[in-house]
Structure formats: structure tokens, C-alpha cells
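Comments concern the structure below.
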Amino acid sequence: MVQEMAHPFSKYLRADMMPHIWCAGCGNGVVLNCFAHALDELQFDLDKLVVVSGIGCIGRSAGYINADSFHTTHGRALAFATGVKLANPELEVMVISGDGDLFAIGGNHFIHAARRNIGIKVLCANNLNYGMTGGQQGPTTPLESITTTSPYGNIEHPFNLVHLAAASGATYVARWTTLHVRRLTQSIKRMLEKKGFCFIEVLSPCPEIYGRYNKMRSGLEMMGWFRKASVIDSFSDPSKAEITPERIAVGEFVDVEKLSYERMLHEKISKINEEAMEKVS
Amino acid sequence: MAENKESQSKQQEEPRIGVYICHCGLNIAGSLDCADVAKFAGTLPHVVLAQDNRYTCSDQGQAGIKKDIKEHKLNRVVVASCSPRLHEPTFRKACEEAGLNKYLFEMANIREHCSWVHLHDREAATEKAKDLVKMAVAKAALLQPAEEAEVPITRKALVIGGGVAGIQAALDLADTGYRVYVVEKEPSIGGMMARIDKTFPTMDCSICILAPKMSDVGHHPNIELLTNSEVTEVKGYIGNFHVKVLKKPRYVTKDCSACGECVKVCPIVAPNEFDVGLAIRHGIFTPFAQAVPSTYIVDMNLCLNKEGVIVCDKCIRACERQAIKFEMKPETEEIEVGTIIVATGADVFDPSVLPNYGYGKFPNVITSLEFERLINAGGPSGGHLIRPSDKQIPKRVAFVQCVGSRSDKAGKLYCSNVCCMNTIKDSLLIKEHWPDTEIYVFYIDIRAYGKGFEDLYKRARGEGVVFVRGLPAEIKEDKKTHNLWLIGEDTLKNEVYKIKADMAILSIGLEARKDSEMIQRMLTLSRNQDGFFLEAHPKLRPVDAATGGIFFAGCAESPKDIKDSVTQASAAAARAGILMAKGKVTVEAITPVVFPEKCKACGLCVKVCPYNAITLNKEKKRIEIIQAACGGCGTCAAECAFGALTQSHFTDDQIIGQIDAVTEHDADKKIIAFNCNWCSYAGADFAGVSRMQYPPNVRIIRTMCSGRVAPKFIERAFARGAATVLVSGCHIGDCHYINANYQTQKRVERLWKKMEQSGLNKERLQLLWCSAAEGEKFASKIREMKSTVDKVKPEEIEKAKEVFKKALEGT
Amino acid sequence: MLKAKNILTGAHFLNGDVACAEAALVAGCRFFAGYPITPATEIAETLSERMPQLGGIYIQMEDEIASIAAVIGASYSGLKAMTATSGPGFSLMQENIGLAVMTEAPCVIVDVMRAGPSTGQPTMPGQQDVMQAKWGSHGDYGIIALTPSSVQEMFDLTVEAFNLSETYRVPTLLMADEIVGHMWEKVVIPPMEKVKIVNRKKPNVSPGEYKPFLPDDDLVPPMACFGEGYHFHATGLTHNENGYPRTSSSDDQTRLVNRLCQKIQKNADKIVRVEEVMLDDADVAVVAYGIVARAALSAIRRARERGIKAGLLRLITLWPFPEEHVAKVAQHVRAIAVPEMNCGQLVREVERAAKETPVTFLPKLGEEPHTPTEILDAIRKAA
Amino acid sequence: MPERIRHAALDKETIKQVKTEIHLIKDECKGCGYCIEYCPRNALEESDEINARGVHPPKVVDESKCINCGFCTAVCPDFAIFVVEKPNEKDEKHAKS
């Protein structure tokens, strides 16, 4: 047992930003770990990577990854990323954000980015509530869950994110939990290889906030829930993949090819210019 | 219904019954007085001829019957001999040849159900035999001729087991052009032969001659190979079997190129079962180099990745083809086949139950199977025969024969058939590699009966292998050197020997598969007392099962060597091929007969029919039978309260005739049993074959399904003073007629309630689920009911008569 | 890449919105994200056709919030980027204008002002957003806002807006009005080489040494862009020179916010532009901007015909507010008149700068700006 | 295969046993316990010591149990543990000679 050696993934992290701000047992660290792991396996060129995040606990991840990164306003990560990607299609634009940021305040941007099939890769840490503001009910909070703003039990039906993403036109859709680190890492790799709009939902434990109110006080308990309830059901009908206390359908749900927005845009640009040149000559 | 009128007209003519009591050598005559039974038969109504003879099934026995039919104008024939499951087809054929409709033949089972189960009470056995004959005659008098319907045969075959027998059978059928499914529970086909080094007497390399056949199976366009799979359910009947196969996940897809990179990185290590643990394998592995399919497999019991969580992904990363998929789930494939070949093979005897040989304690005592792996160039020692204790090549080697065979104390009574020649072959292999090894073979007899066997035996002797008659009483070990001492008596020299050896090889016998019973139940087969599957006839139908459309190949039927297995496999394939070539088979004329005038169109029969073969025509207020769809269980007839339905060849009259015959006298001492043809009757046969002794009070009436047993039959038995009644059928879920035995349960339960309400001891009516394998279960039930019989008081008998007297009305 | 049509030069008859679009292309803008809204829609329509011809990006986003966010993203990817809108959309953009300020993202936002509040009168002119331009987003910050009163100026100031934005790394607002936007006039576009184009400062240090928010003496930090290998971080949170969040340090908060304000204030003299007409001997000054300034101009001319010494101070830069210029004028005149198409917004800044000099305010709401007569009456009263 | 296995494998020595070094960056650990709970070999357990964050970091029970599946490295939210494979002695010798 020795200590001198550096962690194999340290080169993907901003040393002077570590340690991260996240609670003990918070899944965000695992998501970050898997992302670094995927970058490592792909030997990914960090000069070509831009990480964009929104507001929320996981929003901090942009600051932790040792690449160009931008921490936007609440909900706007995807809109910002759209500008980044279109202005320089060479860049791999990765949006890492939370369920509240992407699907409540940012929901409109999500469905439209997916609809356009712009080549942005979205990694969503779903902790089932608003963690950073102290655990309010959000767009993914399960029915009857207790939160600081649903003290009598949540009566809002949660989004089924993989269904939403698939219906909106994403070319790659997967859901894992922070227990499925291997598959998550492989999924992230797959996502980075694809061209169009991609979405991965990661169920991520929030023991300090969500768990506290819902009888899962430790990360281990929340991971235990994932282990018990997870059913790998790849390429099954995403509309049947609602998350319930008894069943968490995980797996890859969509993996199709479709011309990306930027590709179509740049083909148009070349086309009209070639035609114009012919007219001139 | 035309047929019905015609049969009624036939009924007019006076029955002329011929009765034949078979000695079956001493199998029957040994424990009952056949002549006396024949004399008694002569006194029965309509019997115009009764005789006993040694082998009624013999050609001359059959010739006699044919002659009598003509000379004595017999229009009914009764043979009292073995189980109808064995010889009914033989005698029916004889009758037909003599121009008598085969449905005018009836059998009394006085062997499996009488002589063999009452070996020590000649008088009682004889009396019981008389009763059984009387019942048969009573039914015979009411028999009616019938024409058989034809059903199509699915031109596909299922082969259970992928050893050399299964492989041969599958290839023969596939080459003939039939679609074949091969189901193998191991990850690869090849079976025992793949593990053997050389074959006797020709000394070819076993895997070298097998591997090409294996890959043929793997690539044959007509063969679908289902490895790591098990048959979980078989329903239907000859020509039309519906089979469920559980395909267990390999966690590796067909994309696997068998490059083996995954194995290099797998951190899990375990003994390789294929090498009997003498070599290790990894958590992901292929059992052996020539495995078919070559696709690797993950051993989930060992793999770190449980409950869908991938903890270790070394293999996944190592796999270029990305063929490793831990998401794989078990799948059930449903297939339709016309014929089934059972080639499930045999297990080997585990000598660790013999303390005196020290197997498992002494490292240098190994089995002949372990030897095969050691001497095999592809084996754990690269073909070097080394002692497990010190990995040295032994100078003195001893073979001990008949380990687990031919012994009433340790192991099985029978000779395992292959061990002698295997040992001779092994001894020569050692001599070939290490000529100056001293080899001793301890034996009881050397059985070198086959072609080229004797020469091999001579050669071994010529090469100086020492054969000592007399098995060692025990093997001792020198704790330090782990050398062995074999101590016993040389029965030729009549002197005690104490011979030192560096290594001892126990020549272990073959025994029936531990899971044979499961196959037996699913396919409603019979087994002999050694547990091997029982052929329909030991001489004339050696590869057929009693159940139509099912055949045996290889060691599943009895221990045999590769040559015999292959021969039998080809035979089984040919037999199955005959059926499928014909493309159709006639099914017994045991479908329902309707009496429209009695039908109230209540639709109860429609509800209980497992095959939806009955429809209710509301306009015409009558039911219609779809003969082809009917499975012939007769539960509709049992359900009809108005006697508007009956099952031909198992009509109410015929069954009531049997009941009345058996209850004519001493009813209060008797157990009237209704056994279904497929499970409980076969179970009773199994009890007989296994010579399980039980009280002679029981009289078995055979129905196709327990669902045929109408409450009125049971009531009538009680009304006529029977002490007890047993209704016995297949286990719930195993019913040969899908679920007809649910009706049995309902009806018996209703009767129990009735008996309770009317103050009768409901123990007098028993319900028994008994599979073809559960002979002992049947026997002990009879023992149990005997004690009930003894307890029943005369007034209880009378009370039952009173309660059920309505059952005597009609007919 | 090949250009189908080069940028426009020479004399053309255009409307304000089109002139703005053409100017953006001249200035080097190659990214436009917007959302249709009257009266700014023609800018989007023009650029949807023209951008591709110059290899630039046009995208219509799902709303104005997305539009401004995308513009900031494109700016960080190294393109000059712009969006155009009107009152309601401008309101939606405010939060992310704050983000652009905080992350010092060069970009141009055109607000073709219409009559508010709320949906108001979409097709009618107004000058009701001029205060929002400065104070619209929460928190303290400096910002630049220009306002054109002709189609030619619509062109000139759009180019100017990009140059200022690139120079000071600040979102720059072009506060036009519906009349200027929809008015057709002759526009003269000089040849490219005659047009002054400014590009943002790039870092001249290695990625290792680069601090994305360490300012030079002009208080403006050189700007690296995504994909250039600098691996820098930017955030809307209060941050230090490395761009790392500093959410509880008052030093960082003070240092950052002061600089964001001062980089505009301290450079105000370089930024601010006004037009002075006949002010040297004036007794009465009219302070006006946008379309209203054109009525004011004829008003002072007619006053002079009637012997009243009137002059005009036309504001071209709204923010930073041309405080000195107003104060200077105030010292020489007896009175100041301020006509605005609102209920009194910029007049407050004028009063503040004019000290004791009396200021009369001429409000105007509705489809027409002030007539010269209305302004002349005011001048008469004041004189 | 139904036979019961009675003899030890003859080639078991030939199996390279992976030797690993488990690196703990103790003060980074926030004590979530994932590495301990999910180690398939139970090579880790909670220690008694208290680290800079005031939690009990894991300690290695028995390094020889570790087969370097790397799950602890992958599941740690705090990048506080990782495993490296020690080169096999035999190979080292070969390398040296």
C-alpha cells in the first residue's frame, strides 16, 4: 500500500479545483469518474473537448474537467452549447447537467436541441430533486416522494427522461445508474463516437438531501435501491421505462444514425456557394 | 354418428371370446397357476376358448391366435400376459391379420401388475389374475370395432443429448432431409467420447474421429444446435409434440471468434469439469479446444458480475468482437416436432463411496475417466501419465475392474459393458509410451466379446500386462511416498496377494443419469430397475420407447461402447425417419361418441375439453366433435351428466362392465384402482418391472386419462360394496392431455365432500398423482390402502351401498 | 471558403433592418441566432439568406433566451456573433446579457424598439427600453449602447457596435427604433479596406500561463477561445483571474465587479460619440436621440429662422451616458429640452448632468414621433 | 459434467496470480463506503483512523485477495482509491536476465 503515485485519471481533472464540493456518497463524483474513464479509454484529445454545464450540484463538473469549459446560467447549457457547436463543429461539445436544469427550466432547449439533432452530447445526472437548493420537488421526483416543497408527498407525475429524449429525436438514448459504472463508461464512449444528439441519464444518489427525506439516508442505501430495482432492458420501448420504487429499467434505448444539424447546415452552405460559383463562371 | 349405428348393429352378434393365458416363461408361471387361470377363464360368459401357453407373444403363439380366430369364429380376443403398453400392438396386429378388427382385442396385465409384484403369494396372485382376466373378458364382450383416424406427422425431430449417439442420430436424420433440433445441456456437444483418449479396439484417437462429426452438426443446414439448453416441457403425442427448450445464456454471442483473449485476462480460476478437475479453467472459458459451438461461455456461478452489475470488465475490454454481453437472459424456445430421440447418455460411478479403495483420500488412486484425461495429449499433463502426488511417471500401475459394477454391495448389479476393453486399451497405451511399466489388472471376468476385442486382450497379455483374477479387498497407502498396496485374493491361485503400485486406476462403471427421472416424467417413459430407459420390446423394438414417436440412442438405454451407441443411434434415426417419411400416423380410435338424442346442449363438455375439440352449435342445440383435434382423454364423457357422450373403446358400458366384474364377489376386500395409461399405469408397470412387492388386493382399470374417470364409476364401485377406490393420474402439470387431470381433482374433491356429508369415511376414496417413474409411490399407496381395507367395517360398506345406490340405475 | 456573394459595398437603397444585417457581415459577424419578432424580423430574414452565402451560421432558436445564450457560445467559439430582437425579446435576454457581461463575451444585441410595455404595439415605434439597456440585468455592470437615427447610421453603428464589443469584451447594444428599422434610405457602404474592423485581443502567453480573466492595463483580458488548447474555465459565478468560482470571497467580488464597471467608465471618452449642431452660440439646447433627433434638427433650424438661438445635442452613444458633453452644453445654454418617445427615461440622466440648468421634457407615445412644431414650441417656451 | 471433482488441478502453479497494489488517497476519501461494499473479494474494510475530512477511510484487509478488477477505482466518487497491477515476479526475472 503506497501513496506517492498519482491517480490514473488525475490528468483529466483540474488539480487546483479538487477536491470537488459534492457530499459523501453523492453520485456526481461517480459520473465524473466514469466520464474521465471514458476519455481515458478513448485517449480523447482534450483540446477538442468543451464541457458545458448548467446550474446545480453537477453543474460544477464543468469546472473540474481539465478542458475548455463553461458554466452557464440556469437551464441554458444546451442553448449555449448550440452556439459553441455550430460556430466550431470540430469541437466535441459535452453538456453535463442535472435533471432540474435540463428538464425544468431548460426543458424547452432540450427538446429543440434533440429535434434539430445537433451534435451535442448530454450527460444528465438525475438525483430526483433539486439538491443544491436543499431538496425541492422537481421534474423527475417520483410520485409520493417527500421533498422540502412536497412535504405531503409529491403529486406531480415525473418525466420519463429516456422516453422524452427518444420522442424528441435523440439518436442515442441510454439510462444507467451510478452502480452500472462499467456500462455507463461504455455508453459515454459510444456517445462520444456518435455524430448526432445523444443523451445519457444517470440515476445518481443524493443521500444527504433526497435520501434524507425518503428513507435512504446513506449512499449505500440508495445504491442498494438501484441494485435491487434495476432491470437491464436494452432497446425495449422507452415509453415503458418509467422509474418506480420497484423497477428501474436501465440500458440503451435508442441507437440510430441520422444526419446531424451542423452536417446538414454545412452541406447547404457548400451547395449554395458551389451553385453560385457556377453561375459566375 | 353413422359409425355408432353400425357398431350397434355389430353389437347384435353374439360375442365369441378366445382367452389366452401367457406363462411368459416363468415370469408369470413362476408365481401363479396359469392353467388354473385358463380353466377359470373357460367358465366366463361368451368365452368359447381358453388356453395357457408359454410365450403367447412368440410367432407360434400369435399363429395360434390367428388360427383360432378362423377355426373357432372368435370375434373377441383376450390375452392375459404383460402390460398392454408392451404387447398390445403385437396382438392387435395378429388379430388384424386374421381379419379381426383390432379394437376387438383386450389385454389383462397379469405380469407387471400381478406375478412380478406378488412373487411370494402364489394363491393370491392366481386369484388376482383370475379377477383381471374376468374384467378383461367383461370388457371384451362389450368391445366394438372401430376405424382409426390419421393425423399428420410434423417432419421435424428433436434429439435430446449431444454425445456421439445424439450426434449420429441428428446427422442421419438431417442428411435424410429432416429438420433436427439437438438439445445439449453442456456448453458443447461431444459428450463422453470427447473426453476419451483412444477408442478400442482400433486405438483411433477419439476426438480426432469425433471432431469432424461435431462440426458437421454445427454447420449442417438442417440442424439447429441448442447447447447449454434443457428440455423443460413436452406436450402432445406421436407426430405432434410441442416442446419447450430453456436456452440458458452463454453471455457470449455468436460473434465470438474463439480467440481466447478473454481467458487471458479473466481473474477467476476454477477446476475444468471437462478434465475432471485435473486442469484449471477460467470464469470465461471453452471446455475444450474442439468444442462445438466454439463460442466461449461465462460461468455465472464464478463470475464477479452478479445481478446485472458489471464489477469486472476485463473480458469485455479484451474482446475485439465485442461478443461478451452480460445482458443476455434465459430464453425459452418452443418447437414443434414429430419424433424425439432420447440420447441423454450415462453418468459414471463415483468410487468415493467405497472406503476400501481410498479414492479421494489417496492422491494416486484415480478413475479410468481421469486416466483418459491424463493420457490425452490435449489433457492437463500433455499426455504424460503422472501421479497426482508427485507428478512422477509411475513404474507400477494397477487397474481395478468392476468398480461400481456387478456388485450387490457396492454400486450396481449389472455389468457396465465397456470397462474391460477400456482397461485393456489403457494398459496398451501405457505400454506404448512407457514399455517397461509394470501393469496389473485385477478383474472378476474379462469380457472381450466383441469384434477384435479378443485380439486386443491377447495383445495386452503378450505385452506383459499381468491379469490377476480377484478384486483387491482394499488399497492401502504409504503416507510418505504415497505409494499404494493392493491387497486381495487371487482366486485362481487361491492365495492372498499384496501388490505394490505407484498408481491405481479404478475402472468405474456407467450408471443412469441422475436426471433421468425428469426426462422420464416429461416424455412418460418407463425405466428398468437399473434406472435405464426401457425399450418397447427388448428384442423386436430395441430402440422404440413405449410412448409412440420416441426412440432411444446410446447409454440412455443401457451402458454401451461407442460402436454400439452409433449403431443404435442410426437405428433410432431410421425408426424416426420411417414415421416422418410416412408423414402421417393413425391414432387410436378413442375419440368421443355422441348420442344427440340425449344431449341437452349444456356445454359442460365444451368447457372441460383441453383441446377445444368440442363446439356447441346453439341453433341446432347440439355439440360437434372435431375428431382430428381430439386428444382422446375422455374427460368430456366423464363430465356429461346425461350420458350423451362416451369415449369409444373406453365406453361407460365397458368400464362399468369391468367394475361389475371385479365387484362380483369379495368386493369388500378389494381396492378398485383407475390408472391413467401414461403416468400411473406406467408407474404400476415400473413397480412390476422393479419387482416391488405390494398387497394383492388392488385391481387396476386402465383409462387413457384420469380425466375419464366419471364420478358414477366410483359411486358404482362403492354401490357394489367395494372397500376402497383409488383414482390415479399424472402429476398436475404433467398431464398427457394438457390439463384434463384438473377435472379429475375437482370430481374426486366433490365426491369427498359428498362422502363426508353422508358420514362416509372419505379415506376409502384415494387420489394419487403418480408418474411413470414412481413405482414405489404406487406400491406404498396400495400398502397404505390395504390397511384401510382391513379397517372398513361391514356396516360402512352397507352405508356406502345405500348412499350411492342411484349409481346402479341405468346401463 | 468560397463566397457566393461578397459583402455589399457602394450605394444602395435599403431599410434599416437590412442595412443592419449587411453591416454585421461587413463587421465580420459570422453567427446570428434569433427569434422572429416585429419589428426586428427583417434582420433575421436577411441574415438567413446572406449568412450562408458568406459561410456564416444563421440559426433560429426556440426563444430569445436561447438566442442570446447561443450567441455567447458562438462568441466563445471565436466567431463574431449577434442577435436582434425587440422589447419582449429584449426582456427575455436580460439574464444572459448579464452572463455575457460576467464572462466578458463580445457580442452585439440589436433592439429595434417598439411600443411597450408588454406586447404593447408591435408595429409602432418607441424609445422605452433605453433604461433597461443599462439596468436590465441584475447586478452592477458596465455596458455599451448605441442608437441610430438614420438608415446609414444603422449601418455605421452596427459596425461600430462590433468593434466596441470586441475591444472591450462587453455585450454591445444597438438601440434602434421601429421607424429607423423600417425606413428606406440611401446607404453608402465604403469598400472593405476603408472600413475599420476591430478584432478581440488574443493571449500571447502559453496555455500553461494563461489566466482567462487577468486584465491588461485597459482592464480588458485577452480572450482565448474554445479549441485553442488553453483549457480555460468560464462561469457566471463570481470568479478569480483563473476563471474559478469564488462564491464567498468579498475581495474577488469587489475586484471583479469594479473592473466590469470601470473598463467601460474609464474608457468612456474613447467610446462615447455625440453630434453637436449649432450649439456654439445656442441659448436653448435640444438633447435628442434616434428618430426623434431628426425632428429636433428641423425644429432648431426653424427656431433659428425665427431668431431663437437653438442647438441640438444628438446622442449617438446612450451608454456609457455622454455626461461631459451634456454638462458642457448645460453651462452655455439657458434651457434644455429633451424630447423622448417615452414617459421620461433618459431625461433623468440629462437633468443629473445639467445641474442647475432647467430641463423641459417632451414625452411622446403612439405611432408618430414628435413633430418639429411640437419641439419648436418647447424651444419657444424655454427661450 | 456430473462427476465430483476429487483431485487438485495439476497445472494450478502455472496460473499467474495477479499481484496488485491498492493505492488509497486517504484524505480525499469522504467515507461513502462504496469501495468496501462492492469489492467482490472483500479486500477492503473501514479503518479506525480518522482522515482530514473526519471520516474513516477504507483500509486494505488483504492485498492478496485483490484481483485488480478495478471496480473500486471506477466507483469511487472522490478519486481516492486506485489499483495497479504489480508486474509478475517471473516476468521481472525474465526481464532482468
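Every chain is named by a letter (A, B, C and D) in the order it is written, and numbering of its residues begins at 1.
One rule holds for everything that comes next: contacts are C-beta pairs under 8 Å (C-beta built on N, C-alpha and C of every residue); 3 or more make two chains touch, one makes a residue touch a chain.
These figures come from a predicted structure and were not determined experimentally.
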Just to check the components: without chain A, which chains are still in contact with one another, directly or through others?
B, D | C
By Cα centroids, which chain is closest to the centre of the whole protein?
A
Looking only at C-beta pairs in contact, point me to the busier pair out of A-B and B-D.
B-D
Could you work out which chain's C-alpha centre is the most distant one from the centre of chain B?
C
Report, in whole Å, the distance between the mean C-alpha point of chain A and the mean C-alpha point of chain B.
59
Report the inter-centroid distance (CA atoms only) between chain B and chain D in whole Å.
52
Per the C-alpha centroid definition, the whole-Å distance linking chain B and chain C comes out as 95
For chain A and chain D, what's the span in angstrom between their mean Cα positions?
31
Sites on chain A at which at least two other chains make contact:
179, 181-182
Residues within chain B bordering two or more other chains:
309, 311
Which chain D residues sit where two or more other chains touch them?
38, 71
Chains grouped in pairs wherever the two touch, ordered by label
A-B, A-C, A-D, B-D
Per the touch rule above, chain A residues touching chain C in the complex are 14, 16-17, 46-48, 50, 52, 60, 62-63, 66-73, 76, 79-88, 90-91, 108-109, 112, 265, 268-270, 272-277
In the complex of these two chains, what residues of chain A are touching chain B?
179-183, 186, 227, 230-232, 234, 250-251
Chain A-touching residues of chain C, taken from the complex the two chains share
1-5, 30-31, 33, 52-53, 55, 57, 59, 61-63, 65-67, 69-79, 81, 95-96, 98-99, 103, 226-237, 242, 244-245
Touching chain D in the complex, chain A uses residues 1-3, 5, 7-10, 13, 18-20, 22-30, 32-34, 37, 178-179, 181-182, 185, 218-220, 223
Show me the residue ranges of chain B that touch chain A in the complex, using the header's touch definition.
307-311, 313, 316, 327
